[in-house]
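Should a chain be cited, it is by its letter among A, B, C, D and E, assigned in written order, with residues numbered from 1 in that chain.
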Amino acid sequence: MDIKAYIILSLTLFTIGIIGVLVRRNAIIVFMCIELMLNAVNLLMVAFSKMHAASAVAKASVNYASDAQIFVFFIMVVAAAEVSVGLAIIVMLYRNTHSVDINFLNRLKN
Amino acid sequence: MGSYITFPELLIWLPLVAGIISFFLKGQNAARNWAIVASLIILAVSVASLFYADDARYASYNRVNYYWLKYIGNSFYVGLDGTGRLLSFLTALSFPIIFISTQKNNYKNPAAFYGLMLLTQAGLMGVFVALDALLFYFFWELALIPVYFLCSKWGGEKRIQTTFKFFVYTFGGSLLMLIGIIYVYLHTPQRFFEDGSVSQHSFALQSFMAALLNPEEQQWLFWLFFVAFAIKMPVFPFHTWQPDTYDQSPTSVTMVLSGIMVKMGLFGVIRWLIPVFPFAVDSFSNVVIILCIAGIIYASCIAIMQDNLKKLIAYSSIAHIGLMCAALFALNELSVQGAMIQLFSHGINIIGMWIVVDMIERQTGVKNISQLGGIAHKAPVLTIFLVIIALANIALPLTNAFVGEFLMFSGLFQMNVWYAAAAGISVILAAVYTLRMIQKVFYGNTNSLTEGIKDISLAEKLSLTVIVAFIFFLGIMPQPIIEFTKEAVSQLIAFKK
Amino acid sequence: MNAIIFSAVWGIVMMFSGVFIKSKTTPRYLAIIGIILLFVLNAVQLNSGKALIDIDTHDMIRTNSFNLSFLAVVFGSTLLFFLLSGRDVEKVGEHVGEYFALIFFVLCGVALSATFNTLLLLFIGIEIISIPLYILTGSDKRNLKSNEAALKYFLMGSFSTGIMLMGIAFIYGGNSNASFFINNIDLGQGKMPVMIAVGLVLLVISMSFKVSAAPFHFWTPDVYDGSPTVFTSFMSTIVKVAGFFAFVRLFENAFGKIQDQWQMLIVVITIATLLIGNVTAVFQQSVKRMMAYSSIAQAGFMLLALFAMNDWGKEGLVLYAAAYSVATVGFFAIILKMNDYTIEGFNGLAKQQPVIALTATIFLLSLTGIPLTAGFMGKFYMLMAAVENGQNYWLVIVAVIFAAISAYYYFRIIQAMYFKSSDQVAMDSVEINPRFKILLIISAAIILILGIYPELLLGWLYH
Amino acid sequence: MSIITLLFILLSAMAAGSAIMMLLSKSPVKSILWLIVVFFAISGHYVLLNAQFLAIVNIIVYAGAIMVLFLFVVMLMNLNAESEPAKNYRLHFIGIISGGSLLIIILSALMKNDQQQLVQMKIGDQGLIANLGKVLFTNYVLPFEIASILFLSAMIGAVIIGKKN
Amino acid sequence: MSNILELIWLIPLLPLIGFIINGLGRNKLSKRLVGIIGSGVILASFILSMLVFMQVKNGTTFNVSYFDFININALQLGFEFKLDALSSLFLLIITGVGFLIHVYSTSYMHEEAAKDFAKYFSFLNLFVFSMLLLVMGGNFVIMFIGWEGVGLCSYLLIGYWFTKEENTNAANKAFIMNRIGDLGFLLAVFWLVAKVGSVNFDVVFSAASLAKLSSTDITGITLLLFIGATGKSAQIPLYTWLPDAMAGPTPVSALIHAATMVTAGIYMIARSNALFSLSEFTLAVITITGLVTALVAASIAIQQNDIKKVLAYSTVSQLGFMFLALGTGNYVAAVFHVLTHAFFKALLFLGSGSVIHAMGGEQDIRNMGGLHKHMKITSITFLIGCLAISGIPGFSGFFSKDEILAGAYGHSQLIYAIALFTALLTAFYMFRLYFITFTGKFRGTHEQEHHLHESPSAITIPLIILAVLSIIGGYIGVPEALGGKHELALFLSPVVKSAAHHLDHNTEYLLMGLSTVLVLAAILFAWVKFKNYKAAGEATGFGRILQHKWYVDEIYDAVIVNPLRYISDFFDKIIEKKGIDGLVNGVGKAVNYGSRQLRLIQSGQVGAYVLLMVIGMLVLFIIQLFA
């Protein structure tokens, strides 16, 4: 496969995530869109790692190509931590306002 | 590098220390008396420095160079030369006069007031003795901060906005200068310190003069510096902060502002602008002079119909400063020498004017010409002093200002006939507004406001006598002041391209 | 290295202190001890050049006198923050030990993002900074503003993390060396590869977000305003300068050689930041919110280090970080004691609390950049760096014009304190003990000393 | 067209389509389910790229843990389909336009490059668990340890924020 | 008395000392003492001047420099005096007439309070000091010091009664108009500095220096100097201050505005004759200006009813004559007329002062009449003055005026004709004044009539002395045609090179006869018309224009004063407040406005924030990838 195909795919997913953040108002959905963005990155990372594996440089050291996959692993780790905190915040807000609509978040402005 | 403390250091540290001490004094009189004593001591030091003017013999008394920020080639490099000595003496002389003549004013929190005044003095002294660009910039700003507090705290009704405008205006201008300083600095040659270390660049005056700048660079750098100086002076059209500030500040601060602080701008031109950017000065001197002359006529015209006494003096000051600035840029011996004399004379004269105005305002509570009148009946001595000072202000012969203006006009004439002729109109206009002021305020009949006015007291008489003595002494025998500044003048005009 | 390990360890210690120690004040003292130890350990490494525990990091961490002195500045500011505002941390909620633990974790993240040598650690470092901050922002649970701020911060922060990761992915993809090490990026000859360029822009965007540079600053005013003030103080100073340091470190090491190819981005961001920060701050009525905009404005100035990308800029950044952190921490400590956060609340403070007003004035003057304060020296170095860079001089002029505007809002507070009077009590005097005043005076003295003799700090850089 | 290409297109269409569906779904629960589909599709891609470890982890962590957590929260809050009130179509339009143009700009820059860079499919042992494990616990031991701090803070956060006063 | 010239510094110094003593001691000294000191110092100066005069009579010139005033490379300027025939003559006039007027003042000003009295005398002394400095100055700058100094004293003395706004207005007007002239003077000095590098008379007038000056330079310098002279000597267009200056005490008018200060311009031009003679153009300008001034002022004088105003216009007119003489190169005649004019005009003013004194301050001649009966000495001396000014043979004015007319005839007959006509007008208005005042019936109030008396001796004695001088003063310049030697011309010859045409004696006789006859006719006409004057109504027609002084003041107001005020107002209100300051404040307002608008971006909506961020990303990508 050409790497471009993967770039197009993951950028498309990434953009869908961005558009989701832009248009959706439910905090949970927005957060899910962000998770989608992270997944798009993960996919691209893996694709790149395999791209480098195909090129001459990586042949010298096998580890080079593993780097990106390790990175993806860390992204997942961080995402998990983020999710726990994020959901806690959303729940806390919900407890206080009984809403997760981000458009109602405008006590702070100007 | 002398082993003793030098004059420039003393002139900076004494007011600084005195000012800090003053903050801790209690009571109206303690702070005031302390300020008077301190300023007199500083005056004594300054007078003493006049006797050690011979650089060949007394260089170690007049110049000192401490390492400070060595990484960037900056040092605490101060020294007295002709112009600096003249202006530091003016500063040293003015403060006791100001303190003594305004001692009747009761200030809220006098300790802070006098403390800030002395700090201002320290800043001004620093500006006049700094031979290092960064140091110069430091003092340049530092002189402003106490003034900001003085004006905002003890000023008139609209003091906060007015002072703030003044502050932002000058602050913005000086930041532009800072860019200029940095740019020149980055083009200075290496500097070798005496302990063997080398810095890539340096802020010292000599290094600045040796900076490798081509004429195009000089041309835009020139404006960065000039705008800062022009705002401080102020030169038309950067002047609009001034009338309001003079009007709203407490009079003793106005004296400092108009008598000394405006000289900072002119001094900057003398010390930095002309030596560092000779090519740019050459190419822009006509622009600047035209600006100045436009300002002279413009300010004089406004002064004619001005009802506010303080603003009237402010506009007249703009006209005078404009002339000095134009003279400096004409850059020939006559004009520069004239400007030197006038630097001093204008400071003395305008302080005298303010002393009188202060007395009137304090006693009647008004400063509008139309509300006053007939003061000459009630306060003849005051009137006499005022008339003398006012006439000095319009450069009547045998007063100090005549010598300066004569030389300045003469120098301008050599540069271009029409400059002298156009600027000369101010001679007439100055007479118009000054005489109108005298007529409306002092002549005529008294009214309910001026009925109760009292003639001047001993302290004010003393201050005014000193001022009048200087007016006549320098008016009749200006040669001593010329001798003092002759070398500085010849050094300066050597930069003419 | 010392700093990374010890801050993590002490964070855990603090965490347990919250569990085992019932007293509310003890964690604070523990935290102070911890930060002092952290400072000392860092100083030891700075001095000796060796870490206490020598771990093979596979070159993922690189320490030098430059980033260690930066860490010293950060820890010093944090110490000051603990001393000045530690008591206010106790007032936020009952989880005092946990708050301090989170702060130590943040410091761990700061240490990482100051010493990283690979994009992975940059990412992890930034996340370790961010996640505790989301929590601290929302720590005032009953306060809807705090909740709102936490969610906004979290959503936008995660969003920017996504962007950053995408940037890293492209950098990796475009790097023919197939490496995440920032000093091992193949930038090609002449114009950089498109993938690197895309990744670079994405990294600029995400880092701009972290340092709240416009137009990615939108979270800043709301979050700073909504969080408990004491954490705003921490966030807007220590965390922010850490972000800057990471920003500069990343771009210097990774893309420093081709700076002319991306300088325009920084120019645009700098101008936007200066404009939005300074201009918007002018109209603010709440001092806290004004300080949020002020921090954006200051970020604009710090961006000049990135614009210049030379030694002046790096030295200046350390100096600026110190000046800005100390002044802001000090000023926030004063805001915390105020009864009213609006500017009117400051009316007549000079009469009621002359010492505090004086120190506040020094902090504000430093923020404005008046000579003899550290703030001036910071600005001065920044301007010097920008001028030496030799390109886009007009940016420098724009910067100083905005610096002049910044006087407008800082001086409003000075005006309120000194030149206006009020019948309201500006500060509960119960809150003000001599120790607090002395600490403020010490902070002010640090500002002045650094303003007069910055080489005291800069000397470390060339240790 | 090889089977790999076919699979690629299939998985890609599945991922993108499900992602769009996630956006369009009114009900949060449905959105979550669609997202899980996306994750499965991506896992499929991983398999295609011979990144077996990640494929598994993706399913376990993302689809299995994270998404379940989401679902759990949504259920907890009892959010219904109509939780989102009247939409602002103008804002949607602007959002789609700007997001789309961002995509187009980046892609148009990237696609200018004619040089073909191929991706290793199906082969290569970098993505195997053994290899990754070795690298993770040798070269990447520091980040691995540090990541624990992340979890600690997340844990503290959950305590601070979640605990009822 | 080894060499009196060594002591010449005493001449100006003595009045200065008088000024200082009287000024500082004004609250303590008695009037008597003030009078003695004030007059005494002038007398001492006069005596010294006499001695100096004796020394320089034989043509010696004495230059002395006391100290460096300004000494720089580009300009060496000493505080230097120059004494020669010309200046010593003026010294005599100033101190002599000055002394008489001081004496006169002791009586005239007696009703003033002691300190005002002292103030008056100190100003008067200061004036004499300045005037002496002007005359003795050895270079243009010292001369200018005196030049401005006399202007200042004039200002102070005109505004002596400063309570009345009218007086202070007049004072201001005098000073400002003088300043306009002074600017011309100064510019001329600058020009000299620029081209010659010196302002010393000897250096400037030396052939070497004159060679350095192009004809443009000379014309420019002389014209500028002449502008200075028009200010000081009240010539068109700067003459209007002089009639207004009559607001001051009458002795002041006599001293400053008749005898001395106003002649400074003539002195200066005579002093610089070497320069002026080189510029035909300037001389022509001076001639025309002098002629027109003489005619216009004389015409105005015809319709004036204020006794001092008549004399003032007469002074302007006579000064015009002097400038006419200067313009025709007849410097000696000008100086001669200065001398004789000093005598008779001082006499006339002092006489008018005596009248005003007697009338209790009344100055309107319509309220006088028949005063001859009451104050014979005043009347007779006044008559002598009138005869002298009219140029009746035998009186001093005849000789000097005749010389001017003769010079004018030599120059151009048209000029002569106009000058002669002006002389007729002079005779007419002077005798109009005399007849209305001293003959006929008294027209004032009864109180005034009751109060009428001859003035005390301190007033009458100076009158008598001046009357005598007005008669004999002319005999130092008896023209050759009448068998004289013209002592004055001889005396001045080392300094002043007269360039006047010499007429043959027959022509001269003819001219003298013609003028005498015509003047007598004019006097006769005046006698017929005014011997029994009755206050008439307002003048009409041309007389009305004359009564309003050709509306010159109104024109000046409309052309200069009001526009200046308007400009001032315009600058202040529009350009300053709205323009420049408006711009400065506008920046502040713009920042405020921007702040108010910009903060609206901070809408609080996460969606909006992200949208803006995405747009920002778009911009950055475009910059990086496509720019």
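Keep in mind that, in the parts below, a contact is a pair of C-beta atoms (placed from the backbone, for glycine too) under 8 Å apart; a residue touches a chain by one contact, two chains touch by 3 or more.
Keep in mind the model is a prediction, meaning the values are calculated, not measured.
Taking A-D and C-E together, the pair of chains sharing more C-beta contacts is A-D. Chain centres computed from CA atoms place D at the largest separation from chain E. Centres computed as Cα averages put chain C at a distance of 78 Å from chain E. Once the centre of each chain is set as its mean CA position, chain A and chain C turn out to be 26 Å apart.
Here the CA centre of chain A is 96 Å from the CA centre of chain E.
Per-chain CA centroids place chain B at a distance of 42 Å from chain C.
For chain C, residues that reach two or more other chains under the stated contact definition are 120, 124, 127, 131, 134-135, 138, 141-142, 150, 152, 155, 159, 163, 194, 197-198, 221-222, 405, 408. Annotation for chain E: residues 588, 599, 602, 604, 606-607, 610-611, 614-615, 617, 621, 625 touch two or more other chains. Shown for chain A are the residues that touch two or more other chains, namely 3, 7, 14, 17-18, 21-23, 25, 30-31, 47, 49, 51, 55, 65, 67, 70, 74, 78, 81-82, 85, 89-90, 92, 102, 105, 107-109. If each chain is drawn as a node and touching chains are joined, the picture fits none of the line, ring, star or complete shapes. Interface note: chains touch in the pairs A-C, A-D, A-E, B-C, B-E, C-D, C-E, D-E. Contacts from chain E toward chain C in the complex involve residues 588, 591-592, 594-596, 598-599, 601-602, 604, 606, 609-610, 612-613, 615-617, 619-621, 623-625, 627.
Of all the residues in chain C, the ones that touch chain D in their complex are 4, 8, 11-12, 15, 55, 57-58, 60-61, 93-95, 98-99, 101-102, 105, 108-109, 112, 120-121, 124, 127-128, 131-132, 134-135, 138-139, 141-142, 150, 194-195, 197-198.
Across the complex, chain D is touched by residues 607, 611, 614-615, 617-618, 621-622, 625-626 of chain E.
Of all residues in chain A, those touching chain E in their complex are 18, 21-23, 25, 30, 102-103, 105-110. If you check the complex, the residues on chain C that touch chain E are 152, 155-156, 159, 163, 194, 197-198, 200-201, 204-205, 209, 214-216, 218-219, 221-222, 262, 264-265, 268-269, 272, 275-276, 279-284, 405, 408.
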